[in-house]
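Structures follow.
One chain, chain A, appears in both complexes that follow, with chain B as partner in the first and chain C in the second.
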Partner chain A sequence: MSIVSLQVGQCGNQIGHELFNAISGDCNGPNRKTYSECSNERFFHESPTGELVARSVLVDMEPKVVAQTISKACKSGRWRYGDEAYFSQKQGSGNNWANGFCVHGPRHKEVVEELVRREIERCDRLAGIFTMMSVAGGTGSGVGTYITQCLRDMYPQSFIFNQLTWPYGAGEVIVQNYNSVLTLSHLYQLSDAILVHENDTVHKICSRLMNIKHISINDVNKVIAHQLGSVLQPAYTADSSGYYSRNPIGELLSSVVCHPEYKLLSLCNIPHMSSTSLAYSTFNWPGLLKHLRQMLIASARMEEGIDWTVSVPSAVTSGGESGTNSRQKCFNVSIANLLILRGKDVSTAQTGKLLSNICLEAILKNVNSFSAWNSPVPFNGYQKSATLVSNSQSLLKPLDNIVRKAWDMFASRAYLHQYTKFGISEEDFLDSFTALEQIISSYTHL
Partner chain B sequence: MQRERSVKVKEVITALCRLLSGLNVESIPTAEAFRRAKFDRKDAGVDMWSLLSSLLQRAFAPDCACQDSKDNAFDTQLLFVRSALWHCGYGALWVVGPQPPSHVEEVGSRDLLLALAWVLSFRNLLESLLAEKVYQLDTLSTTPKGVMLGQRNILPHGPQEEETDAMKNDQTLQTLRWQYGKLRLQWKSLLSAQEERSRLTHRVVSNINASAICQTNISGSHHMTSTALDKELERIQTLNGILEAYLDWKLHEPLFYSWMDSVIDSSLADAFEVKSADWPPGERAVTLKCPHGDKATRAIRRLDKMLLRLQTELRVRRIERSTLTLTSQGRHQEVSQLSERQRIEVEKRVAGYLEGIRLTNASTITSRGFLPCLQDWPPAKPSHRLQMGEPGLTAIAGKLQASWALKELRDREAVLQWQLDRLRQNMRGEIHKLASTMEGVVLIPPIKR
Partner chain C sequence: MTQSVVVQGEDMEPNCIGGRITGLKARAVLVDMEEGVLAEILQGPLRQLFSSTQLISDVSGSGNNWAVGHHTYGSVYREQIVDQVRRAAEHCDCLQCFFLIHSMGGGTGSGLGTFVLKLLEEEFPEVCRIVTSVYPTAEDDVITSPYNCVLAMKELTEHADCVLPVDNQSLVDIVGKIQHMSHTGKPSCVIKKNSTIISGQGGWLDQMFSDAFSKEHQLIRADPKHNLYLACALMLRGNVQLSDLRRNIDRLKPTLPFVQWNQEGWKTSLCSVPPVGHTHSLLALANNTCVQFAFGQLRERFVKLYRRKAHLHHYLAVDGMESAGFSEALSCLSDLIQDYTHLECPLMPNAPRLSIAT
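After this line comes the complex of A and B, so read on.
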């Protein structure tokens, strides 16, 4: 059972590298033989010389990042990328989704497909295809979307799980909102689930929780990789009956994204702290879970600044009248949640009592919307850590922001010719806007 | 060429026999017996009989109490086989006729062969036998736990009383969509687990084979590994053998049925030569009479009448119109203009109605379930395929030929397509009309990939 990763664009490649780094580092340690065996099978295959080779394909339209990523991986000494598992070009996509989707994607379709196929055929069992990319630039978003589309056609029965990095709200690229809208609307139909990381949130985690003074893109990526790793590393699930789950992505999806209209996942993870203070801190499960629960219902993405006044509306818990008006304004309604606990004494953590009653949701009353995984092995240096994958309204606001900004630009026809010249018409834009409005409305009316 | 074909047939039948023996069906004859049965040889009768009866025994063993009807109890066996065939919907005369054969030898071997082919194609009999067998052999094929666990919430709890119906419906719908999505995801998981299992099994088996060869090659000094492992190996090999035989048979299946076509041909040819003096004319066909035959003829007659009436009406109208134009020469221009505009539309509508009428009546012929039947007189080109679910009947005497039915269905499809297009166009027009009245609303078609 293995996950084939796909790193597209600068952001995707950097995050991918950090993810593999975190995972390979996490597997070294005492008392974790089965754990690391399982993890290695998931993410690496062994070369004839016994080295760990990541089950990953690197794609970028520029040579620089891919080359850097590969050489960094080689230097780590623990693992490396496959010798021919990368594809790069010279000229880049110029931050233009249309260029990536309509030009680069189709042009290099065969090569990339072949690379992915080779990785997939190497697996005894494909647990899923995990794609990492950003939505702001041109390559990650455009080429990434195109490749996802090809893979969906090639592997209609496989799980395709996309991790997207949303740009800073303040703006990295002038057309980032266009690119985001086009990517999201297309991926929503192709992918089984979309896991979103917002740069703003992660940046805040770095500055406030980890006390990093000069935050580099590497720090941000490390946090994202840590969160991803805490989901994807081996864990015991409800169905795995005493073994590490052999179907991580499938079980993840079937616990949180069964409904085709609701595919956006957000992640929160506690604790996050700098390695210096980590040595002097102890945690207990009730405390962590209490925090996590409040983060969920108040839609806080990190431990600090949680609004403790938000509580589960009594109207919902009592199951009486269930209308949006009876709810508190800030209460974050969720459809389904998956809790992953890693660390010591994980079996003593009382998950059910704390978290089972918060996902009450009018539409899906009779659905079991809470599941929990656990693993006794501490993850990435944290004695205890808890991760919550949640399908909830928390992404509604940033999504709405993106769509609104993009629409404002679209209304004044700004930069539109850059897209039409590659074959993305105004109608395509309108279709994408409609699709996203539909998603927003679905989540709003929970 | 001829020789090549006969070799092929032998191969096909051997594949079938191999599969049947894998499925624990007893008394399987040689391929030669099949060939002799095709020519209705007496000596093949016993072989075919025992094969047919043992196959039916295997198929219906769980359902029927009559066992141990082997040996001399041919009467009970005959009764069993006939009722089993009847249950399968096989309507040959020796099965359902008024004068059942008193002894097995009265049934020709070719009849038995035809019955056998019928039984083989009946309701995936081979597949269900195969599944049963695989289930026995395959220790790993238990129902996966995840599915059972996942379904624990599938039954909705008692609905809240104060909720309105609309709310409830919406909730139920959403819950259903959720559960359906979950099932789909679990199905995908199962599929990938299945793939993994077959891959691993393949690896294990190939390793075992290689090591076994090595062991025998090296020397006898190595004792064979534990008997449990041997047994396991044997089990897996049997399982593989059966699955391979099934695959082989699936490959050859179309050939087998085309060979059966030739058996039917020869049977029909023989029957023509003999000419049915023994049978009263009403029962000339070796078949049950099609129960819908009468209805079909009636429908056709009704259709004819209706067509005639419409034609006369049309003619009357045409005459009326021509006289009208003649009498009102002054308004000739206007009339013709009007008719030019409306004529096409009216014609279209009339054509639509005609088609509709034709279809509602004609469809009774094709859309009802027909019992397939064999015929006694030789058609120019017999088109029977036992394998196909609903073989055609000749149009004569209320029976349908497959090609005819096909043509009919194709016509119908075209008309329905045309109607659909028209309806779609109407709807589009209406939507446009509606949309133009609503201000500030832009209708955007769904996103295309």
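After this line comes the complex of A and C, so read on.
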């Protein structure tokens, strides 16, 4: 089973490159023949000369980042991108979602569709399409959304899984909240699941846990790539009976996206640390799981500063009626969780006990909303690591902030003419706001 | 477009690198309805950048009459201008923007200049149009300059994507300051003409940021700090780090009032290459409600003339100019001033969000 990746815009291309780099590095370690074979089949195909070529399509409306990405991959010596697997233009989208979605997208539809089709036809079996993009700018968000829409039409039966990078709250692009609102509302109709990374939290991981002094975009992207890799690399699942899972995206979706109204996924991963302190650290599974559990119920995105006072409210533990009143305010309600453990002695980790009782099963009776995968192969240099993909309320606050700021701007009609100029009307905005308020409301009232 | 071309020529003179740019031609079309200034350019230090085929000129000038520039010369030179611009555009791989530089007070820059702006919109609707407009001083010797300015402003409001207004008096003040500083000869003082900033070399980075927001360093005579910022772009060149930029934004932000819906309305850009002869420079472009006062003064000067119908017949004698044009331009300016005033008292403070029935 293979995954076809799509890297759109500056952010998507940079993260895509880091992801393939992390994966190919991870496969180069000792004692992991089957694991590497499975991973290679998943992410790469072999050129006639035996080189690993990423199953990925690069798209940007500027030439610079795509060119840099391709040449960096070539220099790695381990893998490269396909010779004709990219498409770039010269002009950029000017941080305008409407320009990407209404102008660039339709204009380059055929070319991009053809590139993706070629990658897909190269796969023996397609596990799904994995798209990486940001929501703040114009190309990743606008063109990325448009391409997702085209792919949904072309491949109605395939899994489409989007990874989105949310901008720093303090602002990278003035209209980032407009672009985010438009992207999220459209993708919610198209994508099977949306996995979110917030730049703010990843930045904090870089500064507090990895002790990086001058944090560059590269550092942030590496952390995102590490987290993605820890989900997408081969693992044993409940259905895979002793073999590495053949259907990673499908199994991921079936475990965490159990209702079409709820498809915003967040990720936490422990441990994260600088490579120097990693050499002197040891971990045990009970310790890691204890942290991860508390991170989930207190909605902390990293190991540091977890609020240990949050506990599972009694209404949930007793399995009774989970009225909103009885629920603790800061308890993070989740619908479904997927735990992925990688590393030594993984079979000794007692996952079931620690992660029970944290999911909301009231509305989903008889659904097993907790799944676990594992792999005995240590991932990306960490002897033991644990990753949790959760469908929970933890993205509610940042989502609400984005919608509030965008709404403030919209109420003053600020920057709207830049969008109507390309064909996104006020009604389109209102539709998007309605869709997102609906999502916020659904998650709030879990 | 007499003035702007001259300004540009003067600015670049000290940095002229002569022989090294022989192979390059400016992506520019130069238009004037007199011959003098264009002839000077062709003989000046930048002559290698231009060839005579890039010039469009006439002999008789527009007589400080917007209508002559806009209507008379507009219809005569229309084809030729479109042709020249198209030829320049065809040399571009990826045409992003037209940058129009003109003055507001005279006849050619304001009249024909805004005609060209309209032409660009017709011929290249997808290419954005940024206009630098030099406004005359109040004591301008052109008696009809308020008419020309207000008539031109209507065109700018309707056809430009972005206007960077420059007050001639501010330019004069800055030049005076530069001369004063270079005569008193402060040691280690480097003067940056292009960036509108005067600042010292060697670690006075924060001073440069403070200056960019001070009244003395604006290109129009107004105080942005006492008015409302809608958005602000900071463009840094030279040896400046992202952390310097963030630090200074954090430092200055409490003193800068931003409109409620755009509290994070910053656009920043960094380029490690400094302008020739400098270690660093900062350009701050702000959309600020302080422009309304300059526009208000301009309206007063216009009304003073218009009430007595002074000089109107010179305009109305021109083919294509109608008296309604004056009243329309005036109300357009009034609307613009009002729009900026209204921003200071928000229309819908805290508009309630959409609510979802549960």
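Points to keep in mind about this one:
The criterion applied here is as follows: the second predicted complex is superposed on the first by the 442 of 446 C-alpha atoms of A that agree within 3 Å, B and C clash if a C-alpha of one lies under 4 Å from a C-alpha of the other, contacts with A are read in each partner's own complex, and residues count from 1 in each chain.
Heads up, the rule we're going with is that a contact is a pair of C-beta atoms (placed from the backbone, for glycine too) under 8 Å apart; a residue touches a chain by one contact, two chains touch by 3 or more.
Quantities reported herein were computed from a predicted structural model and do not represent experimental measurements.
Under the clash rule set out above, the superposition-derived model of chain A with chain B and chain C shows the two partners fitting side by side. Shared-chain residue A:W407: touches chain C; no touch with chain B. Once the two complexes are laid over each other on the shared chain, residue contacts for A:K344 go to neither chain B nor chain C. Looking at the shared chain after the overlay, A:T434 reaches both chain B and chain C. The superposition places the C-alpha centres of chain B and chain C at an angle of 110 degrees about the C-alpha centre of chain A, rounded in steps of 10. Of the two partner chains, chain C is the only one that A:K90 touches; chain B does not reach it. Residue contacts after overlaying the shared chain place A:G171 against chain C, while chain B stays out of touching range. A count of residues in chain A touched by chain B and by chain C gives the higher number to B.
When the two structures are aligned on the shared chain, A:K397 is found in touch with neither chain B nor chain C.
When both complexes are overlaid on chain A, the residue A:H214 reaches chain C alone and has no touch with chain B. In the superposition on chain A, A:K64 makes contact with neither chain B nor chain C.
Shortest separation of chain B and chain C in the overlay equals 8 Å (C-alpha atoms, whole Å).
Residue overlap on chain A between the chain B contacts of one complex and the chain C contacts of the other covers 430, 434. The touching residues of chain A, when paired with chain C in their complex, are 89-91, 170-171, 173-174, 214, 403-404, 407-409, 411-412, 414, 430, 433-434, 437-438, 440-441, 445. By the touch criterion stated above, chain C contacts chain A in their complex at residues 93-94, 96, 230-231, 243, 259-262, 264-267, 346-348, 351, 353-356, 358. Across the complex, chain B meets chain A through its residues 145-146, 149-150, 152-153, 156-157, 160, 162-163, 167, 170-171, 174-175, 177-182, 184-186, 188-189, 191-193, 195-196, 199-200, 444-449.
The part of chain A that touches chain B in the complex is made up of residues 1, 124-127, 149, 157-159, 185-186, 189, 192, 238-239, 241, 246-247, 250-251, 253-254, 257-261, 319-322, 362-368, 430-432, 434-435.
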